[in-house]
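Both of the next two complexes hold chain A, though its partner changes from chain B to chain C.
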Partner chain A sequence: MSREGRGKVLTWLAAAGVVAFSLAPLAYALLIALGRDPDFLSLGRAFVPTWDHFAAIITTPSLHFRDYLVNSLLVSGLTALLCLLLAVPAAFALTRLELKGKMLILLGILGLSMFPPVSLVGFLFKLLAAWGLINTRTGLVLPYAAWTLPLVLWILVSYFREIPPELDRAALVDGCTRLQVLTRVILPLAGPGLFSAGLLAFIFAFNEFLLALVLTTDHQARTVPVGLALFQGLHGQTPWGEIMAATVLALAPVALLTAVFQKRIVHGLTGGAVKG
Partner chain B sequence: MIIRLEKLSKRFETRSRSVIALEGIDLEVASGELFVLLGPSGSGKSTLLNLIAGLERPFSGRILFDRQPVADPARKLHLPPRERNVAMVFQTYALYPHLSVFDNIAFPLKVAKEPDQEDRVKAAAGMLKIQDLLSARPAELSGGQRQRVAIARAVVRRPRVLLLDEPLSNLDAQLRTSTRLELKTLQEDLGLTTIYVTHDQQEAMSLGQRVAVLDKGRLIQVAPPEELYLHPADEFVASFIGSPPMNLVVASFVSGNKGPLLRLAGQDLPWPGPPRPDLAPGTDFRLGIRPEDLLLNPAEDENLLRLPGRILARENLGREVLLKLQAGSEEFLALTGSKDFQEGDRLTLGLDPAKLHFFPLSQAKY
Partner chain C sequence: MDRHRAGAYLFLAPAGLWLALFILLPLAGAIFTSLFREVSFLPPKFVGLANYRWLAADPAFWTSLRFTLLFVLVSVPLELLLGLACALVLDRPLPARPLPARPLPGRALVRACVLIPWAVPAAVSGRIWELIYDYHLGLANHLLAYLRLIQEPVNWLGTAPGAFLALVAADAWKTTPFVALILLAGLAAIPRDLLRQAEVDRASPFQRFFRITLPLLRPVLVVALLFRTIDCLRVFDLIFVLTRGGPGGSTASLSLYGGNLFLAGDFGAGSAVSMVLFLAAAGLAAIFLKAGRFTRGLW
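Presenting the complex of A and B:
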């Protein structure tokens, strides 16, 4: 075999290894979700495919899976929206205005996001309890937005910086107010950046576990990750089939979004590094 | 419209100090005039344009459009660009990449919600011969086409003032010359008061009705092009205007037995011209003579200064020949139509006193 051919084979082998390693748990979850008997592997029983588990979690009201999913989608969507609403004017100011200590502000914001969530969760609980926001969706959106804001802001700043300031000047001379410069020139040009930043905020909020665990008490605000983790206590035995079916369903929106928009997500993370 | 600048100055605050970008600019641009701001990079010419547009705030002084102040920091007055009705063409064209050519040109009309947008865009596009490009995106256009779109966008709403910031410097040489002529015609047809910024003295000379020369934030001279060429106000203007540049050498007058002598290039030459009481004997000054005014092997004439020299190098420019000459301790450039001179030839340089320029010795050598 030629050197080149060997190299190709090795690359494929390595890639296959990485993919197998990453996807094995998912495959396992899928198998169990689709099998009638969750213990089929250990007891040497036959694998009997069934949709029962999927049907069960969707149709059984007492499992509240649908509530969790709606909560998750609402909380994640609102988080992304709120983040963008706050980050767009901030990024505009930080890239367009003559501000003293711009870099300090940006680094300070980045520094804030370095706190481990665990260190804040106790205080956050007391604060939200005082505001009566425990076990509400709002009570999740607010901390999530605060948490993802630095990331979204940094992505937007790197996008806005790529837009030449000469366009601002042209727009000002052409009769725009500062706000019109933002809405008519900068936002349309930074569209892909807005989208990927919002998507990242959405995915973050969708996957978050710790805060959701502490700040929610039941299906009125509980999100999918916490719902899944607490499935087990409901019945006498651990309903592995249902848990895995719910896991697969919960993964679907995020996996779908990532697959469809992977290019934009990568670009969002590296935006500003090279000229797009 | 008449634009008037009164004692205008601009400072930029950096972290450690304040930099003076413009100082004491007094200027009036007449209605319908094509006025050129000429200067090297860093002279403050683009800053001056931005001040007029309203993109920057002056530190002190006033800007008046038709006697109405539009910027006056003493009275805390600063009209934003959209209230001045100015249009600007940028060196990088600054077209909106997300909009088609049509929408780019229509942009100022849309923002101002003006009527007859389509007709006016088409008229402007027709004027610049870009009717066929209206549906294209800026990225699909060549540099010359982008430049035309930028000009169309600037003139479409009939601004009171047209500001051009080095609009031709991103074009290649051939296109630059032809666009220059078109721009001049367009400006005359529209009768727009126009301020044109450039660092290219040829562009300034060929375009400007009047040219203002800026250096280090100061206005050195404001005059029609011929005047700048024939009577430069100082050494900077003399060296900046004209190509090849004017010869500038140190000289002084000394007293001789038969009248004043000009001490030049290490030699004392009898001065045939009228006396110069303003230049005291023994005081150094800068003597300037343009390469084309330097006579080579002139006929006997007692009104000429004569200086023996030698040809160091010869460069054929096509129609003319550029010679580098050594005379005494100085080197000169001479421009001649004759092809007879060869490297190493010895010859006599003739200087006509009427063609000489005298400047006080400045610190800087340009």
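Presenting the complex of A and C:
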């Protein structure tokens, strides 16, 4: 075999290995969720397929799984929207307007995303308690929008910079105000960037754990990761089949979004450095 | 011109307000609170550095600090090396002719699969790992016994070394593919002609890697190193689900140790822990950014 041919086979094998490594635990979860006995492997029993675990998770009201899922989707969606609303004018100012120390501002904001959430949670708890927002979805959306802002801003800045400045100059000559430049010139062209940034904000908010754990107390605002982490089953023995069914359902929204929009996510994360 | 500048700051104001209110103010609040004896239902009392002294005297704090640093020291190099290996093999092969190689077919599929472990909540995938490590019915023991690597089931989550390894493996599963993806982006930016020319000049693969690829990949490597270190340092959700810091507090990360203090209503001591963690993160970030020479060339 030629050197190039061997290289290709090696690449293919590596790709297959990486894919198997990534998906194996998820496939295992699905298998256990769909099987009657979670211990069929160790007992050497046959695999008996059933929908019961999924049905139990969806239809048992006392598990509150649907509440958690609705909370998560609402909180993440609203976080993404609010975050974009805050970040778009800021990214516009940092790329298009006259400002001193733009780079310093941007790096400073990026530095904010390095904070360990645990250093914020004590004061946030007191602040939200004072506003009566503990155990509310609003109480999660407000800090999440700040927490995802550095990443979203960074992505938007890298997209806005790609838009030729001649376009806004032409618009300004034609009598547009700067706000109109943003809404009529930049935003229509930055659609993919807005989508990438919003998607990543959604995913980050969906996955957040520590703040959601401390700032919520029950199903009225608790999100899926926290609900699932605290889910031990109703009676005695750990109900692995049901836990895995809940896990699969909880993974599904983000996994589907990721699979469908992987290109947008990678573009957002790498500032469009990856082509193809 | 000044009016214009004022207008520009107006565009920045909403984002600035949000960051100030929900990140800077809480951070300042944590510094402040760490100097108080502040427990739920009692009026706060200024105690100076007493919380820090209390931490220094608590063996659990030192265990937690040791675990956190060890976790970073083992996980981050492991994930970066594995990620780099994956990226190098997945990178487009060097073309035989000096033409741009075609991208790997099916790379979209590979990329989607690789992103999923990283994108899904760690607290949720952690439940899967909890089952995988289960003593009786877990896949890990089943698989190792099937391969004849172990005679008896391993008590993964019930022993300190087992729990440590279990956490490192679960974290590597979540992040290695992602590191590979970031490094792949960095590799794609290296001019093919350069590598091609080096090959023509009879540079060995080793020389090509250490003299061309690695130096050019350095900025991307430093970014990956920085993000992985910060993330490992503040690890919380995976540990909360898999071990709850056990057995015997041996896997309680600083975030978990501090978070437990907050959940118990001890805001003063919790804030002191969070300050220690914050300073560690800031210090490491400064070192890496210095090493990556990021002050120039970004803009």
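One rule holds for everything that comes next: the second predicted complex is superposed on the first by the 267 of 276 C-alpha atoms of A that agree within 3 Å, B and C clash if a C-alpha of one lies under 4 Å from a C-alpha of the other, contacts with A are read in each partner's own complex, and residues count from 1 in each chain.
By our rule, contacts are C-beta pairs under 8 Å (C-beta built on N, C-alpha and C of every residue); 3 or more make two chains touch, one makes a residue touch a chain.
Because the structure is a prediction, the values reported are computed rather than measured.
Undergrad: Does chain B (first) or chain C (second) touch A:Leu124, or do both, or does neither?
TA: second
Undergrad: Could you say whether A:Leu104 touches chain B, chain C, both of them, or neither, answering first, second, both or neither?
TA: Once the two structures are laid over each other on A, A:Leu104 reaches no partner at all.
Undergrad: Look at the residues of chain A and decide whether chain B or chain C touches more of them.
TA: Residues of chain A touched, chain B against chain C: more for C.
Undergrad: Report for A:Arg169: first if it touches chain B alone, second if chain C alone, otherwise both or neither.
TA: first
Undergrad: Figure out whether A:Val48 sits in contact with chain B (first) or chain C (second), or with both, or with neither.
TA: So A:Val48 meets neither chain B nor chain C here.
Undergrad: I'd like to know which partner A:Leu251 touches here: chain B for first, chain C for second, both or neither.
TA: Second partner only.
Undergrad: Quick check on the superposed pair: does A:Pro188 touch chain B, chain C, both, or neither? Answer first, second, both or neither.
TA: first
Undergrad: After lining up the shared chain so the two structures overlap, which partner does A:Ala27 touch, if you call chain B first and chain C second: first, second, both or neither?
TA: Neither chain B nor chain C is touched by A:Ala27.
Undergrad: Could you look at A:Val9 and tell me whether it touches chain B, chain C, both or neither (first, second, both, neither)?
TA: neither
Undergrad: Spell out the residues on chain B that touch chain A in their complex, using ranges where they run on.
TA: Residues 50, 53-55, 80-82, 86-88, 90, 92, 94-98, 107-108, 111-112, 153, 163.
Undergrad: What residues of chain A sit close enough to touch chain C in their complex?
TA: Its residues touching chain C are 2-4, 7-8, 10-11, 14-15, 18-19, 21-23, 25-26, 28-29, 32, 38-39, 41-42, 85-87, 89-90, 92-94, 97-99, 103, 105, 109, 111-112, 114-127, 142-143, 145-147, 149-150, 153, 178, 203, 206-207, 209-210, 213-214, 224-226, 228-229, 240, 243-244, 247, 250-251, 254-255, 257-259, 262-263, 265-266, 269-270, 273-276.
Undergrad: Which positions of chain A touch chain B when the two form their complex?
TA: Per the touch definition, chain A meets chain B at residues 164, 166-167, 169-177, 180, 184-185, 188-189.
Undergrad: Under the stated contact criterion, what part of chain C meets chain A in this complex?
TA: 1, 4-5, 7-9, 11-12, 14-16, 18-19, 21-27, 29-30, 33, 86, 89-90, 93-96, 103-104, 106-117, 119-129, 131-132, 134, 136-137, 139, 141-142, 173, 176-177, 180-182, 184-186, 188-189, 230, 233-234, 236-237, 240-241, 254-255, 258-259, 262-263, 267, 270-271, 273-275, 277-278, 281-282, 285, 298-299
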